[in-house]
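Got some structures for you, see below.
What follows is a pair of complexes built around chain A, which joins chain B in one and chain C in the other.
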Partner chain A sequence: MSVEMRRPAQPATEGREEPTPQGAVPMWLFILLFVALFWGMNYFDRHGAWFNGRVYAPYRSLAELQMHQPPTGGINLERGRAVYESVCALCHGVDGKGKPGQAPPLAGAEWVLGPVNRLVRIPLAGLTGPIEVNGQQWNLAMPAMGAALSDEDLAAVLSYMRTSWGNKGTEVTAEQVGAVRKEIGNRTQPFTAAELLTVQ
Partner chain B sequence: MRHGALVYLGAFFALALSWTGFVLTPQMQVGQMVATNTVPAGARYPVARPGLAQQGLQVYRANGCAYCHSQQVWQQGTVFDVMLTDGGTNQPGVVAALQAVMPRLSRPEALQLLEGLPKPVLRGVSREEAESAVKKLTTSGAKATLWIEAVGPDLARGWGKRRSVPEDFLYDYPVLLGAQRVGPDLADVGVRQPDVGWHLRHLYAPASVVTGSVMPGYPYLFEKRRVVGAGSADALALSGDHAPEVGYEVVPKPEAKALAAYLVSLRADAPLFTAPFSVGASGGPAAPATNAAPTAGGGVP
Partner chain C sequence: MVSPEAKAKAAAGAPAIDAGSAEETVSCRWPLLVLFLGAAGWLVAGSLLGLLASIKFHSPMFLAEPAWLTYGRVKAASAALLVYGFCVPTALGVGLWLMSRLGRVALAGPVVAGFGGGLLHAGVAVGLVGVLRGDGTGFLHLEFPAGAAGLVFLGYLLLGTVGVLTLYRRREARMEAAQWFVLAGLFWFGWIYSTANLCLLVFPVRGVAQAAINYWHTGNLLGVWMGLMGLGTVFALLPRLAGREPGREYVAMFVFWVLLLFGSWTGIPATAPLPAWMPALSTVGTVLSGLGVLGVAVIVHQTLAGRYGSVWRDERLRFLGLGVAAYVVGGVMQVVEALSGRSWMLHFTWFTAAREWMQVYGYLALVMFGTVYAIVPALVGVDWWSRRFLRLHFWLAGAGLLFVAAPLAAGGVVEAARLLNPALGFVEVSRGTLMFLRLSTIGELLILAGNGLFFVNLAGTVAGICRRALADALRRWGAETTGEGAAA
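Moving on, here comes the complex of A and B:
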């Protein structure tokens, strides 16, 4: 180029541009550009999170970011079942229906589905004396079966009771169990039904 | 000029497009940013700096710290781990659950794993795998947690626990991101080294606290003076070659105190929705709590 430019200007072409040859842009260039554009759009769609101001790399979408949020601490009902079957089921039955002469039912029982503070007291200190469960009179004694369990395990097993066998209660948290444990202190005297009814 | 209007419009739209992309869109995305909450604790983040630290930002700026130190941590990815935090009392059940989670684990190895908890059981698995492992382990009576860990070269160096996000710089004016890393990243230097005295000694004579440091000293931020009476309470505890002559003491000027307060206030370690990670039991896989003195790995201050 530079060599040509140093030549004296030729009169024939002075002041005029060479006409652009028609069809100079080859078809393969168009196809290449379209392929690149298509790839770019796909890449943006996969990685760009559509301009969401809360999503930064290495996350590629809001859904992926939400998937990486730490779990909120919940009650493990599977653990509750394991504890129930090893500690409670001997008397109350695996199906929570209770056993005549041994223990009243837990399925559908108002004591299980009632106030949490009332329910937590029963395994912590035991229960004795006459009690009406599901319209039936019982008069047995339950030892403090849950006193040795940790707050988490007791919360898990009580949550399992309140959500199994057709029961539709709320879950019990370890904090609730801990609060009741603190409240009753080192009480070893079992509760009676009348005493529990004063607890809300 | 022919097609003058066309050239003008073309230039106008080319400039308008880049202005939209580089100025308007970021302004719409983060321009109205306010303080956010940490996840899951729900604490306010970020917290405005104390006044002295706010002044320290200007000292940091004036001394060109940003030319050698960045304040932006890059994160390559995020992995899910399963952390065993408590073995519980049901040892045979926990060992069986561990073997179900890690099929190639022998019984003695499983028993060994139960020593010195918390320990990671699985690392870098998918969320489903991690959740089912946590479920199996907690069902057996152990305590295990799903652990979300940010990973990347910067984080492996101990420069933080997550990537930097715009919230970290909400109260910075100007924002001093820095582009070069002659020294280490300072985004969470206040977490790694919370000791103001260390920072003051480091600013006065970097080699006095970090062997082989290439950082220049900033002695003009300090005053060397004759000890009067019992001496100043602020005097630096220097030793060896860096200590002043007998009868003299090195006392930080207000600028040095402000700069040290600013460095200690750099604590970009809160888990946020935009940059999640798990905070929890000590001894986790995340970076150790205090590692500001970059002794290992040939790091320079």
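Moving on, here comes the complex of A and C:
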């Protein structure tokens, strides 16, 4: 018996029964296609970010991506901690307790929790001469460690100091830092404790 | 239990593909034999290299010394040989044959086709040497260096042109599903292979776009091109071998458009380092092309309803049937992989390897085995050199597929589950898959044995007709000389 590759000229009429209908597309396949298309639209809407080339896999939309960006306004305490640990912590300690003979403590210090205008002046221009912190006398010189920081970073690091290690102060804003920076102008001379006490 | 009548019928000989007109047969004979014989050789070489790679994965010291036998090179060479050495030439040969037989016309330019086949195999040989020398490209399914890829493409271009011209000259005006599937496949391969090689090797695009192009090419090659060539063959041969009328073209059209419209989006895993819209669209495309897979199941069921037994009694139909079953399983695995991508990283495990085995070997290679077994006797005019090898090949291929794909898939699921456990280190998770990999090596060994039988059987058959032709020529020459001697 051999199989003819050519298609028959007319339907074979041998009387052989065809148990299945000739090649109609079953309706359920079309229904399933439209269900899948509907699902696909929804899926793409939820995950595809509408062809935005800036949105990558774990994020689903530009809005979600922007939600995770670091805030541009307001105070970012995480940023403050990072700046503190890279700029201040070498002398004042990661725990803010200071180091004997090197730097006074910041935790619970009246100079940290006192008026903001007084505090901002210290990193901007430095501090020299005798000073009493937490009832203990210190006589050291601190350079102007914060002069090179931006207003936002300095505000963040000071806010971090005023709210960490048991300190319960208010946050410092970038505007407050900017105002003090303008007030002291090009001053290169470090402040003394007596001078600072006149600032309210 | 097989009924006595069925047994008697099977013994009387399963239906053979008719010889067709003499010119069709003669025009197809040598180009197709060049394609098939070379392909069978590459298949054996590729599965041997694949076996080496599989062993190295759990026994790293095995043949670790020579650089050209290191894992990265043999694995890449084996993948390239399986796809470009075996699947591409065999599918092209079968495609040309379908164009000629279904259009009832001789092949347009058999010499060009034979030359194209030779060029294709030469490109694969150059590419193999290149990959083993360490000049592989590092792109999956595009392993050959640019020069070899150019040769492969030139050979393909000649073969594809012959295919399109043969269709153009057909005597049978109406086309059937197999013809549009193969026609689309001929254009599709030219498009994706040239685009991917140009954008990755000749004028490389920058950065992450390379990964996107590589994913796109792989998805189109495995999903669309292999789908078109293999399904076209199945739609033409399955009903005829099973003694049914060809037809069912509406469902075939549904499958065709689903494959072309949505299949081309597939291939990008959910966590690929690409803008989110690409993996999202790819996941949607994968699920939608799952409907094409369902359509294939519908066609096969409509064709074979009530005659599943006949599949079992005919070795060629067994190959085709198992191939289509692997197509459906592979398609389902791909949908599962795409949908699980966000929570379970299945695509990051051996599950992907199992799925590719299903699609490349389980589906396309098995369909091509069945087809080559069906058409070569008609081409050369003699039966296979060994019927026993043919039967044994099926069992080796089936068992090999089971032993490769099932452990890798199971290992992939276990691996994905353990990857979610933060207490386990990556090395520990990888070590947990070793037993599955050892099992898959057994499977690759069986597959290699089956492929060896295929090559020997094909070579034996071709050698048989060569010997017969030579004997005929000698006898004629002898008769002439004795005739002349008598006259003198």
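Note that the second predicted complex is superposed on the first by the 127 of 200 C-alpha atoms of A that agree within 3 Å, B and C clash if a C-alpha of one lies under 4 Å from a C-alpha of the other, contacts with A are read in each partner's own complex, and residues count from 1 in each chain.
Simple rule for what comes next: contacts are C-beta pairs under 8 Å (C-beta built on N, C-alpha and C of every residue); 3 or more make two chains touch, one makes a residue touch a chain.
Fair warning: this is a prediction, and the values are worked out from it, not measured in the lab.
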{"item": "Partner chain in contact with A:67 - chain B first, chain C second, else both or neither", "value": "first"}
{"item": "Contacts of A:197 with chain B and chain C, given as first, second, both or neither", "value": "neither"}
{"item": "Partner chain in contact with A:32 - chain B first, chain C second, else both or neither", "value": "second"}
{"item": "Chain B versus chain C as contact partner of A:24, first or second or both or neither", "value": "second"}
{"item": "In the superposition, chain B vs chain C on chain A residues touched", "value": "C"}
{"item": "First (chain B), second (chain C), both or neither touched by A:78", "value": "first"}
{"item": "Chain B versus chain C as contact partner of A:90, first or second or both or neither", "value": "neither"}
{"item": "Which superposed partner A:54 touches (first chain B, second chain C, both, neither)", "value": "both"}
{"item": "Partner chain(s) touched by A:40 [first = chain B, second = chain C, both, neither]", "value": "second"}
{"item": "Common interface positions of chain A, toward chain B and toward chain C", "value": "51, 53-57, 59"}
{"item": "Of chain A, residues touching chain C in the complex", "value": "1-8, 11-12, 19-26, 29, 32-33, 36-37, 39-40, 43-44, 47-57, 59-60"}
{"item": "Of all residues in chain A, those that touch chain B in their complex", "value": "51, 53-59, 65, 67-72, 76, 78-79, 81-82, 152-153"}
{"item": "Residues of chain B defined as touching chain A within the complex", "value": "25, 28-30, 39-40, 75-78, 127, 131, 135, 138-141, 143, 146, 148, 163, 165, 271, 273-278"}
{"item": "Of all residues in chain C, those that touch chain A in their complex", "value": "12-13, 15-20, 101-102, 104, 172, 174, 176, 236, 240-241, 243, 245-252, 254, 258, 270-277, 279-281, 283-284, 287-288, 290-291, 294-295, 298-299, 302, 305-306"}
